[in-house]
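After this come two complexes, each holding chain A, first together with chain B and then together with chain C.
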Partner chain A sequence: MKYFLQRLGFYVFTAWAAITLNFFIPRLIPGDPVQALITKYQGQLSSQAIESLYVLFGLDENGSLWSDYVDYWKQLFGGDLGLSFAFFPTPVSEVLGDSILWTLMLVGVTTILSFAIGTGLGVLAGWRRGSWTDGLLPVTTFLSSVPYFWLGIIAIYLFTGPDSFFPSGGGAEVGLVPAWDVYFIPSAIQHSLLPALTILVSSVSGWILSMRNMMVTVASEDYITVAHAKGLPERRVALSYAARNALLPNVSGFALSLGFIVGGTFLVEIVFSYPGIGFQLFQALGANDYPLMQGIFLIITISVLVANLLADIAYLLLDPRTRKEG
Partner chain B sequence: MTEPVLEIRNLNVEYGLGDQAVRAVRDVNLTLHRGEVLGLAGESGSGKSTLAYGMTRLLAPPGVISGGQVIYHPEQGDPYDVLELSDAGLRRFRWAETAIVFQGAMNSLNPVHKISTQLTDVLEAHEPRMSESSRLARAREMLKLVGIAPDRMDAYPHQLSGGMRQRVMIGMALILQPQVVIMDEPTTALDVVMQRQILGQLIELRERLGFSVIFITHDLSLLVEFSNRIAIMYGGRIVEEAPAASIYRDALHPYSQGLLGSFPALRGPRRELSGIPGSPPDLKGMPAGCSFHPRCPKAFDPCGANIPVLGRPATPDGGARSVACWLHPTAEPVG
Partner chain C sequence: MTIPTSSIEQVIPVQGSMAQPESGRPAKAKRQRFRFLSNRKATAGLIILAVYLLLAVIGPWIAPFDPGARGDDLMQPPSGEHWMGTTHLGQDVWSQLLVGTRSVIMVGFVAGIVATTLSVIIGVTSGYAGGRTDEALSVLTNVFLVIPALPLIIIVTSILENAGEWVVALVIGFTSWSWNARVLRAQTLSLRRRDYVEAARATGERSRRIILFELLPNLTAVIASGFVGTVIFAVLSEITLAFIGITSSNTWNWGTILFWAQGQQALARSAWWWFVPAGLAIAILGTALSLINFAIDEFVSPRLRSAGKTKIKTSSGRTVRMRIGFTPVLSNSPEPITRASPIPLIDPNGATPVVRKEATS
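And then the complex of A and B:
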């Protein structure tokens, strides 16, 4: 428990540091959001409009950096991340709220699936090493070294077209309103199949490889020989003795990849014009939309930290050696 | 001599296949009698552990048994060949009839499961009809037997010391009341005090429960103290086999004499410790004839030419021992 609290404290500190950096970086960039908007509207704004924009962004009162910083925290806890430029005047939190669900559904589900399938196959390949399964290894090595987005481009080239079942982009049929109904859900699933398969194919091999290698390492441990000598059923030796121990290093890898759900697959979303966080960030970059970028960075930071915390908890549950007595 | 419980006949174990194969165990004949402690000694690489893994069919690839028989005599019923058993039959045989205590006291327990889980899963596999509570009761009983407080049941291996872990392993080995317990250097990783304690306890348990022990070690002094009979291995072969006292008093094979000369006696006049010159033979390129002759101080003409057979020597106690050496040409080969 003490260990857990220590870790928690560490994560709170890291989050504070990251958010503080997030506060300072945009203020170190020359120019301000109003200037950016003025450029965007190419001088079509009247001086009153500019004045009111300054008021709107809270830039009229020249408070100290410290009071800005305190206000920033207050806003954060109120869920207020400012207004997006690109989707002006929609609040950033609303823009993010829309897109994060898309990303979580697509990348979250595929990451978990990929880990489950890859680990399962890896256990099998590691346990039956030396058999035909070893022939699959070069294929998986090849697939794991292929970048996601390239695979996506190839998939679009091969499988989409005017008569194809697979749409080439977007999150759902244009004109459908996101809702839990029979029109939207099937269309959303249909649109997600190709990006999901792309991510799955290129990420599952990594899990297979690492799990297989850990299985081979663990299989030569003394306690595996003991388990055989005890006359335990093959399944129990393979799962409860070998796989159970081989899984441990992979858990931290899995947590890391959970953290990268939000930030790791920009390119797939861009290739498939999928309306997730990555696509949003791409647009934000193009539009110099600092508040939106700040919001996305915040979400990426928090998701990486939460994923690490989950990994720590998983370790506590899975590996008794990390538990401290008392 | 009492009846045999485990007979090893002409066992050959090789690592690898074809011409590249290394013969680690060569034509070994060995009989374990009911209730005795049979010591197996030899240098590193002499094939003693391979012999143990071979007779229990636990060899890791590329090890293969290339010939021989391992006849097991169950308490009731007809003897059978362990090497002929089906996979399911082998699983039933393992631990229930022959249990093993392994070299690595530190790594023999699965680090992620509690001691109780690892004790009861044997029972679960071999006696599926046993109830959960009686399994736990049996596991507790075994811990008590080896001198570990039953409240350590819920401990994980990393919370136990090396000595305690090896005790747990011994308790685990006895949980199904096997007839044969193979000890593969069980105390090598432990300090001398702990060694003695654990072995003493084991011998005491053997007297109470009546199982037989094959005790493998490179420490001949331990064997002299704890075993009834000793077999000495060299280069994959058994070169001498005799009651422990006979080996200690007058070993016949020069290699046995060398081993005995390499540890100090507790009593008697001081003497120079000699050791054996040279190093163990390369199993890939064994010398012709007796494999020990290049290192043997007493080698003479026939040693380099022909392999000596294990046979009864022409000594007064020759009926109870055997040796493979040209110094003691045999009248009656065994095995």
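And then the complex of A and C:
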């Protein structure tokens, strides 16, 4: 329990750090972006919206840095992330709300699948060292070096076409309204297959490799030899003795590399015009939509933190030693 | 070829002497100098990397065309004149690729150096100092580790308008040091309590000297592998930034090529020559760097090597699978060897060496 509270404290601290970072980033912008915006949308901005934008960009002439900071927190707790420029005048929180579910479905499911498949193959490759599984390594090395988005481009080039099963982009058939019904769900799944496969192929190799190396290390431990000497079935030694212990570092590695993975998967969304957070980020970049970018960074960071917390809980369940200490 | 081998050579003597302390004789040391290179993965990786480094230096000179110059052959597939075809404006893709190599390699190495320096300073200090300093630095490291680096890099570079190569390299370097720092801290922690470090401390060596001359040489492999890893990450990040079009478009790199290919619907026009070479160039460079990293890993921990053939066929036609911790013994007796045999039949004269050793001691 003590361990858990420590981790929780750390995540709260990290969230604070990320939000503070987010507060300072817009202050790097040269010039006066708000003024540019006001001229662009002449007369359409209410004075309150202008005020909130100034706070967001730290251009509030009246206040000190500290009062800006306090105001920024107040806005955050009110759920106000500012107005999006690209989708003017929709609030950022609404834009994000529309796209977060897409990303969660695609990236969440594929990341977990990739971890599970990669770990499984890694167990096999580590245990059967010297068999055909060693041939997996060069292939996976190559695949993990390919940028996600390039693999996506190639996948689109090879597998999509006018009469192909795979659509070349988008989240679902044009014209379908997002809902849990028989028209929308199959179409959404069909659209997500190719991006999901792309992410899977390029991310699975990292897990194979780290799990293999852990298995090889664990396989020479004394308790494995003892388990063999006891005459336990090979399968039992491999799974309950070796894999179980080799899994622990991989789980903490999973938590720590989530930040990297999320960044890579966004590019896949961009290539496939998949209506998730990554694609939104792309559009925000094109339109110099700073509030949306900030909101996206915030939401990614917080999701990664939550995922980390979940991985920590999994670690807690897997490793009795952490429970004993607390 | 000169740069990678020399940097590795610096690694070898230290590592060799750590692995085999008795190798003081010059003849032996000379042979060990190239032990790292005897690993096939290392050789392959270093050769590929050397080719890239060479192209980074001479690429702009040997490029047959100006990468930005428009030509009359629009969207031509590969031919004798244009080895990798042309773009929608008649630009030569092969020249773009050659010219772009320099920027890719430069950003990768600058970011790698910045991140490695930061990680050594923070990781080793944190591991060696302990106490409050360690806690504070660990939290800092973990915060940077958990915050998603790529989105942060994207947002920062997009705000710094028209960021050039140097800015991109520095931004990547300053955001991607955390993983190495973490690994280095753990290594330093385990080295700090070794006898030779304790001895150095007992003889009154200064902390700075202990860190520089006792700890760092033994961390070389970890630092090198961290550096290579960061270079991979930096190269991929730079290309990503260029691909989504937020870095300045004056300089060519492979991401810029992909950016134009994507923007000009190269896919729909089935102009595969426009985007396949750049992607392959990235993938091969990444593979080479990963190979070097595997070789370093295997050098430090020889267990990780691919075992080669472990299944051996005996003359009697039985197959035996070799494994760590067991020495297969082939008996000539016709009786089948079972996994667990009943115990009572122990012959006191034929006891195993282990038992005998215990009996005498």
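We adopt the following convention: the second predicted complex is superposed on the first by the 272 of 326 C-alpha atoms of A that agree within 3 Å, B and C clash if a C-alpha of one lies under 4 Å from a C-alpha of the other, contacts with A are read in each partner's own complex, and residues count from 1 in each chain.
Throughout what follows, a residue touches a chain if its C-beta (ideal position, glycine included) is under 8 Å from a C-beta of that chain, and two chains touch if they have at least 3 such contacts.
Quantities reported herein were computed from a predicted structural model and do not represent experimental measurements.
**Student:** One more residue to check, A:F254. First (chain B), second (chain C), both or neither?
**Tutor:** neither
**Student:** Answer with first, second, both or neither: which of chain B and chain C does A:F87 touch in the superposed model?
**Tutor:** Neither: A:F87 stays clear of chain B and chain C.
**Student:** In the overlay, work out which of chain B or chain C sits against more residues of chain A.
**Tutor:** Counting residues of chain A touched by each partner, the higher count goes to C.
**Student:** According to the stated criteria, A:F266 is in contact with first (chain B), second (chain C), both, or neither; which is it?
**Tutor:** second
**Student:** Classify the contacts of A:Y274 with the two partner chains as first (chain B alone), second (chain C alone), both, or neither.
**Tutor:** neither
**Student:** Pick one for A:Y241: touches chain B only (first), chain C only (second), both, or neither.
**Tutor:** Touch status of A:Y241: first partner only.
**Student:** Between chain B and chain C, whom does A:T225 touch in the aligned arrangement: first, second, both, or neither?
**Tutor:** A:T225 sits against chain B and chain C alike.
**Student:** Thinking of the overlay built on chain A, is A:V146 touched by chain B (first), by chain C (second), by both, or by neither?
**Tutor:** In the superposed model, A:V146 contacts chain C only, not chain B.
**Student:** Regarding the shared-chain residue A:Y315, is it in contact with chain B (first), chain C (second), both, or neither?
**Tutor:** Touch status of A:Y315: no partner.
**Student:** Report, in rising order, the residues of chain A that make contact with chain B in one complex and with chain C in the other.
**Tutor:** Common to the two interfaces on chain A: residues 130, 220, 222, 225, 228, 230-231.
**Student:** Under the stated contact criterion, what part of chain B meets chain A in this complex?
**Tutor:** 56, 58, 60-61, 90-96, 99-100, 102-104, 107-114, 121-122, 125-126, 156, 158-159, 169, 172
**Student:** For the complex, give me every residue of chain C touching chain A.
**Tutor:** 139, 142-143, 145-152, 154-156, 158-161, 179, 232-233, 236, 239-240, 243-246, 258, 262, 267, 270, 272, 275-276, 278-279, 282-287, 289-291, 294, 297, 301, 303-304, 306-311, 322-326, 339-340
**Student:** Looking at the complex, which residues from chain A come into contact with chain C?
**Tutor:** Residue positions touching the partner: 10-11, 13-14, 17-18, 21, 25-26, 28-30, 129-131, 134, 137, 141-142, 144-147, 149-150, 153-154, 156-157, 213, 216-217, 219-220, 222, 224-225, 228, 230-231, 256, 258-260, 262-264, 266-267, 270-271, 281-282, 285-286, 288, 290, 293-294, 296-297, 300-301, 304-305, 308.
**Student:** Which stretch or stretches of chain A touch chain B in the complex?
**Tutor:** 130, 220-223, 225-233, 236, 240-241, 244-245, 248, 318-321, 325
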